[in-house]
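What follows are several structures.
Each of the next two complexes has chain A plus one more chain, namely chain B in the first and chain C in the second.
Right, the complex of A and B next:
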């Protein structure tokens, strides 16, 4: 869409007397446009890229001197790290899958089998997104905690408790883009399919699902990376049994003051997150998103 | 209407309620209920009290609330400025450079916030820029984290903007600065306020990066909630959490008022 728009604008730009400005009109050969992009990029570089580079350097070349891969070899040799890596890598896709299924089902009902109050539910979803994730764990502490509603049931200290909290918290992140996509869907298509004899499951599969794929891909990729990086939910369970990579970074840096070790875990975590995120973006673009 | 049979419709609604209420409504109700209670050993909380709120609205907690508000407002304004600037500058770039700019600005979303916290801590604890121990280290980490969201939502809005308005203004002789200030920014105002609300909410609830680098005299609310629950004061923690939610919602409501008035223009 953006590319389609850019084309005629570029063509028209040449004819415009004061073609300057910062629109694609003047884009092709304007060094000014690049210059304008410099200040925000410089700020981001100073506050984000430079610190990140220092983390990588610290992991290879600690302040205590010497350059070695010692932190990394220590890391991969340690049981705690391999455990955390495995927990992180299976929890995030599992939570994402749960969010996608649940979010698709709930959005489908809100959008196509509307009930009185469906609008209010959609509004509630928006509000829900603005709350921090650890609230869910806080609530689960009352429900499943040692003195809670369900009683002394050590559910929260297992990975399943974290999975439940993540699915609960992140499902609205899938529902919002889905509801927006469903709102743009032409209901005439549904009626046509229905009048031609298609039943509800078939309409969902052949009409609604293809339309929803971009929104599902966008929501899913966001949720996947947010789950990989989730810290508040895991921290609040207070579980020793569930350690994810972000927890390990925190533990090593703040509790043990082992900065080279923390930096090495951080590098591994960043590589996994950005790698999976990039892969997901490529795959979802291929899938027609 | 997708489902025509009355029975099937009721069945679907029942499924919706069974999934929706326990998963999404219950957690918030539980926190709200616990904030007014002293015990919770049965199905319902017991020992109704407002003492938790007494503790949650003065002293340490009140200071944490102002800390959170100042941090969130500063970080959102900074992030909105940088993000909008980057989005506007990116829109003028060639496609290749624009892709690169977008990728760099989306990176803070993909990098774990704990790692952002760690990196800011490592970088600004040493000479060139010494921020460790000041409030600015918290604010800069929050700004980095929310800038990505500000940039994304503003550049999405920019892509949907009808170019006819600015072209009309430019063809009538308006200079680029004038077009930006009087045409493009007013047209973008609804999405700018929406982005500001998003940044504010994210910064208010930010825990991961903050846990890595908060100085003792700049403790935001989420850290206080964690400290309370960690020492077992779950009920006080819930009251503080309700205060956090209420403050966030109040500000979001105020911001959305700006939005509606702007869209009537």
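Right, the complex of A and C next:
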């Protein structure tokens, strides 16, 4: 007894392959390694950073000439922008929440309720991810559109239509990491919980959900950023009252030829996206995911 | 509270993995299910836990038919090889899990968690997480978690297989102590390790090929196994094909004097002799052959002696001058140390 208790407390991670392990400190870089890094960095700068800088520059050069913050002050003063900002900011988290709830439930069923074809469904999720987003909206138009099967009510052109389409399209993005996480889960844990007297709801709440949190965080943050920037779905629903930031960029740039205005909206959009991404990194690091 | 298998058959896709098992575990008894992998022993345990549904037959716990009860209503404690602790819960929360699932009053939960941790020697680790514990400690927590709900029976599925040899013998003694302290809890102990079964079990049920091969006390199975598989799986044995004669048997033309009371003269049979009961040199029942292999095992030498296409194993006290490879030797054994078994397929 005493002998066994005195054994060293070596941490054995058990069945929890998580990304908790920090990578060892990088070895001092050789000049050769820097040389290898040069081409990708150059490409990145040329095709991504430079255009982004141009956008930022354009947003500071109003059509009236000179350099000023005029496009921004015009923008913040405009009702259309504030409306689009508000729509974007509530629609994206709402769609994300919908995806998380729906994705969690569907993944639970696919992973833990044995039914014929569960594997085929899981595989279909992968295919679904490759579909373009407007395809879903188009499909929804056939059902809910004005000429569709249940077309008598103008549902799709409201924000709720956009929400429905976004939840439908983005839910598989949550399910992918969740299914991977569920596959890693030790079924012996579920059986232990069951023999200890726990029924399905308690097992889901206290055993599966805590294990799935990192996957939920990963999927959720991905969907949040994708929803913030979603353009195709909003365009295809043709919802007049629903203008999100990407729609506003499109409207200003293509329809109104107001490039400085469009660039200013784009910059705001980029800031919100990167801000949220940064927040996610901080939160996920604190959660140990 | 006892366990009874009443002709339990389990099949997956028409593949019978447990064939009409009849077995009774008495209240407070430790029954080992011993067998190689694929023998059906784990399936039998899972049928008691409720994770596999028998195709036919009934499972009874203390006289109550539980065949149709879901696992969470069976009141069973289960310990598995992988520990299956909840990684995000502390040790005390793990142990409290079953009590909370049963809506035990809060102050009683605290008391019973403390009891269970005390019983398994883990009281000092209550606020740790499983990943901060060694394998042996994690298995103690798993046992505490199973015992906290005061189960009717305790099921142990290869509980020591993930531990190293030194730790395993310590835990074995620990389980024996637990059994003494909880004399009313029946234990069903699944293992492929005959040492664990011989050490811990009141009775051993030997399983092979989805069937129960033999069931008895460790002593019975070791001293007088009733088939070749049991003889070789429990303790290891020489299994020699013989023909029954009058007052002895014929092994490749060599007359061996053994008790043939229960055999028919002229019948083919298998003679079972434990290697440690075979001696080197002249003696009553002699077998001659040549040394095919010799292994030094510290206190003993293991000889493999080739005779007429068969290898006879002998464990003898460490030899000062061991025979060389190919050297002719004579082995012997006492008549009363041999058991005559019905002829069967030798499992080596």
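Brief remarks on what is shown
We take it that the second predicted complex is superposed on the first by the 258 of 289 C-alpha atoms of A that agree within 3 Å, B and C clash if a C-alpha of one lies under 4 Å from a C-alpha of the other, contacts with A are read in each partner's own complex, and residues count from 1 in each chain.
The rule we apply is simple: a residue touches a chain if its C-beta (ideal position, glycine included) is under 8 Å from a C-beta of that chain, and two chains touch if they have at least 3 such contacts.
Everything numeric in this text was worked out from a predicted model, so none of it was measured.
For chain A, the partner touching the most residues, choosing from chain B and chain C, is B.
When the shared chain is aligned, no partner comes close enough to touch A:283: not chain B, not chain C.
Once the two complexes are overlaid on the shared chain, A:192 sits against chain C while remaining clear of chain B.
When the two complexes are overlaid on their common chain A, residue A:101 makes contact with neither chain B nor chain C.
In the superposed model, A:271 lies in contact with neither chain B nor chain C. Looking at the shared chain after the overlay, A:211 reaches chain C, while chain B stays out of its contact range. Looking at the shared chain after the overlay, A:58 reaches chain B, while chain C stays out of its contact range.
Residue contacts after overlaying the shared chain place A:42 against neither chain B nor chain C. By the touch criterion defined above, A:69 reaches neither chain B nor chain C.
The contact surfaces that chain B and chain C form on chain A in the two complexes overlap at residues 1, 3, 5, 9, 12, 16, 194. By the touch rule above, chain A contacts chain B in their complex via residues 1-3, 5-6, 9, 12, 16, 18, 20-24, 26-28, 30, 33-34, 36-37, 39-41, 43-44, 47-52, 54-55, 58, 102, 105-106, 108-110, 112-113, 115, 121, 124, 127-136, 138-143, 145, 147-149, 167-168, 171-172, 190, 194, 200, 203-204, 222, 225, 228-229, 231-232, 235-236, 238, 245-246, 249-250, 253-254, 259, 262-263, 266, 269-270, 273-274, 277-278. By the touch criterion stated above, chain B contacts chain A in their complex at residues 1-4, 8-9, 12-13, 15-16, 19-20, 23-24, 26-28, 30-31, 34, 40-43, 82-83, 85-86, 88-95, 97, 101, 104-105, 107-116, 118-124, 140, 143-144, 147, 159, 163, 166-167, 170-171, 173, 175-176, 179-180, 197-198, 201, 204-208, 211-212, 222, 225-226, 229-230, 234, 237-238, 241, 244-245, 248-249, 252.
Touching chain C in their complex are the following residues of chain A: 1, 3-5, 7-16, 186, 188-189, 191-199, 202, 206-207, 210-211.
The touching residues of chain C, when paired with chain A in their complex, are 49-51, 70-78, 80, 82-89, 97-98, 101-102, 121, 124, 130-138, 142, 145-146, 149, 155, 167, 170-171, 174.
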